[in-house]
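Labels A, B, C and D are assigned to the chains in the order they are written; within every chain, residues are numbered from 1.
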């Protein structure tokens, strides 16, 4: 039995069918085809699949896909502002905050969840925002620096 | 071969479903159940969920706190009146887990998970069980003792709001700021002038379920919160605990450092 | 309670590449008809920056801007053989292969340019901005683009090159262990400051100060990525990680990232890094490789810092707080309270 | 955060470069920050099948029978693969370069040798269907005794883990159960050393834990070829291994990878490709085989644990005159790459120091645990841990500053190394000097003036050898020559309430030596107590 699922994905309506009990990660990747969402554990322990559901960070791999039917879902595919990169993306580039790049989409979404709610975070806020996201390459410091820098620059732009 | 998902408007109907259907499991936050579903756990045939708004409702008055079992850690953190629980809620996972993890789910999370349940145990919480034939109440401690026995659906948790700063909580982890518990300690320390009366202390990760430190509670009765006053409690801090060896810590280390962290919690950071 | 600070040091070296089967890697470089170059490799970018480092080496060797080079990795139909991305061999082995291929391609490019300019190839040089000119006469120039068009459509030349890097085979003597394990070595010294809680055994790493010698930092930012991430991993190995927490007793193995312990973003510390470059005779532009060695000094430096702080030696990894506490207990007492003022 | 010290060794470098040395942005960064970098699983195929393996619950057991009939009939199951289906069901990774004997099956047939060893594979229409089918397989085992400790495995009568190496050790040169290193005469030097210390070190196994687990997708291509999308760290290594196991010509395989979600050594072993290809051949459909996180953590190969014994002979003036190392690599049940780790370890003894007498015996030992493999720092990380802890103990025991002790013994250009090659291009001393300066670790002038480029070679070798043979005068004073680094536990603890900058707070290591107190200092072996004189 397949279950119909409708999402507002990065501002566009999408509809698909999923197996009963399917998680949001598999539905986004393998049914909808948004491959920007990566999976690291399917256990809810690494944060790689972090997406925003109605603006809140969620681990897609342990989110029942049909529980999101009718909700807004944001992935890194929707992060750009038109043709421009999101300030977080620019900051991750400038700070060399990605190596293998596999945790990067989830990190960016965790960071976006923070900045959307708290445009002027402290270092402690940033550390908390990404503490559920495993990075095995960078040692976290460049990621923290990038997020703080993105917040600063965004604040300056909107000031 | 796939899992069936059943969604109910009323929590009571969901409770009926999980008590009557074999292989039916209630989906709360999903952090544990969805993982088992992903792993194709053969015990899970049906996922039962409910959209009942009461299930997520939070009500705070000057005297009582009522938490719908479906209230998430994030919802608790968003509730200013629940400041006493903010440290506890923040100790559960990272932000994405907090958006999913619920009060009710935490009551059933196997050790070393379940720090929120330890806090509720110290707060002497009562749980309300949903059932097809109406609700009934139960002390949290009793629920924890039998939580592995069959289909139980908690609809809400209530406790009396403790006075002032009588509630304290500490979670010890290896990884910061988020990590599984080495142990957690929650303490309700009501003071009559300078003497403790009716202390409740609960531990997470010091046994199969969160448990009370009854010997330490007794030893604190009528004592003051200073080094000499708490010494007898520290001496019996580990009484009644049965921690495990796991990937995070050994039982030995948990027992050894428990009194030290209890002392630090009781005396406060500036007195240790 | 007492928290004690301590400082430890370690100095290490690290061999670049493997000592097996000559440890070869190959590269192909070719230009398209408008003077943009592709490097074809079967080497892997695991995050270490293989694509970026070889791109810089290729651009430098060809004498063209970095934008005019693209590195394509890991297609066995198009990329020639490479042993793989391990043993700190990428920059050195693959870099050398790319350099050799780029040199050959550059030779053809200069010949084609010479034919167009009607001069001797030896009289030409690249300006690194996409142009080739007669030495000392910048106005007698031709763009790489025009050279490529001429080579393809008029002269019938392929601006391309093949490169391989192979170290001389070295047998290991069964009796003495005599061998040539590596042709060059990277070096490091790390000083670590820690704080140890003598009641719980908890260790906090406060600060790292390190010097690394890498032959040549082809890209200092990529080097920094390796060094920062690598010392995080070293700290992690020292204090946290194992899939067998009760080794050699095989039980309670972690199954997920909650149970497998690694330092979180709240456990990291400031790290002062200094990079030295003593070029290796056989490295591409002298480069060695920072990938593996950067994790190694942290393990002993942290262990030594713990000894310096509380006077116990933990010779078993990971140095869990439990092991520290057991060692403190075994010593008979905690740090003398009289000293813990 | 990162400073380039271009002034040091400037005379050896040509810095007139345009692209090399610049902090150019990564070529792949835009893909990474937009989530569009294509990892192996970012390729999609209609009718993709999924492969899961059944793993042994026992660390060592004989397989009595396998009943997979119910699994074969389970919904969604397309094929069950057993050991007999694997064309060449015995391999060793380094066989491609003629190092070692084939010793590991893709799917165990008669005996399982570690908990988690694959026994059969189910290929099904979904991962879920494959997992559910695995639950229906019935295997009966005769559990066998198992061995988990490297030294236990070498005792007479120990359980034999791997029938290809019945004595639980890899064969070196067809004649030894270990690799030797012999340089000078350690025993003579120990006899003449002022102090001798022997210590034991134990490295833990370590999981690579890349955020992307091992995996691959094998796709039947046109014209009888197979395209394989893979997370491998070594494309041709994996291609050739897969071709061998599948008894296929290598040009029937087209491997595509190159963008990998972290490896650290854990994606060399070609854990998934051979079976994915076999499954694609047997079903005619694209097949994905990826490790779950739990599998990656426990059954993907880890960095192997190592046990290392080091015995040092040291003179009171700070020179190390002899070093003897005995090390055991825990290879787990099969060889994979540990045989080479031993060679790399032997080459690394005695560390970056010039020591005239060096002796090494390093063993690759089989035990009933998940086979180990390469990881960042392979063969060296554990030895560096042991060596550098030992260096610290040596220095403390003879009362010398630990960093000065290292600089004194550091190898210099021209020195003869234990593996009989002349050291060149050394830079250990300069690293020590620069780090010390930055961290305000006081080195005395003579140590600040030392250089990797001065004083090495013949003169040093002769000086070292000469003094090695000259015994210390009896009753020589035990007063430390210098002890500029005072142990922190001799000092009041830092104020826990004000976490000030550690650099500022660090007590001056130049403080006078602790007066007479040697509390906490290990003066002799914890194992054999072999302190002499």
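Basically, a residue touches a chain if its C-beta (ideal position, glycine included) is under 8 Å from a C-beta of that chain, and two chains touch if they have at least 3 such contacts.
Keep in mind it's a predicted model, so treat the numbers as computed, not measured.
Visitor: Which two chains meet at the most C-beta pairs?
Guide: By contact count, the leading interface is C-D.
Visitor: Roughly how many whole angstrom separate the Cα centroids of subunit A and subunit C?
Guide: So the centroids are 29 Å from each other.
Visitor: On a C-alpha centroid basis, what's the spacing between subunit B and subunit D, in Å?
Guide: So the centroids are 41 Å from each other.
Visitor: Compute the distance, rounded to whole Å, between the mean C-alpha positions of subunit C and subunit D.
Guide: Once rounded, the distance between the two centres reads 16 Å.
Visitor: Hunt down the residues of subunit A that sit against at least two other chains at once, touch-wise.
Guide: 19, 40-43, 45-46, 96, 98-102, 127, 130-131, 134, 136-137 - these are the residues of subunit A that touch more than one other chain.
Visitor: Touching at least two other chains at once: which residues of subunit B meet that condition?
Guide: In subunit B, 2, 39, 176-178 touch at least two other chains.
Visitor: Touching two or more other chains, which residues of subunit D qualify?
Guide: Residues 25-26, 28, 128, 209-210, 259-264, 292-294 of subunit D each touch two or more of the other chains.
Visitor: If each protein chain is taken as a node and each touching pair as an edge, is the resulting graph a line, ring, star, complete or other?
Guide: complete
Visitor: Would you mind writing out the residues of subunit A in touch with subunit B in their complex?
Guide: Interface residues on the subunit A side: 1, 3, 19-21, 23, 42-44, 47, 50, 53, 56-59, 61-64, 66-67, 110, 113-114, 127-133.
Visitor: Can you name the residues of subunit B that touch subunit D in the complex?
Guide: Those residues of subunit B that touch subunit D are 1-2, 39-40, 42, 269-270.
Visitor: Which of the residues in subunit C end up touching subunit B in this complex?
Guide: Within the complex, subunit C contacts subunit B at residues 1, 199-201, 240, 245-246, 251-255, 258-267, 320-322, 325.
Visitor: Hey, which residues of subunit C end up touching subunit A in the complex?
Guide: Per the touch definition, subunit C meets subunit A at residues 46-49, 221-222, 224-225, 228-233, 255-258, 262, 264-266, 268, 271.
Visitor: List the residues on subunit B that touch subunit A in their complex, please.
Guide: 2-5, 27, 30-31, 34-35, 37-39, 44, 47, 49, 74, 90, 93-97, 99-100, 176-178
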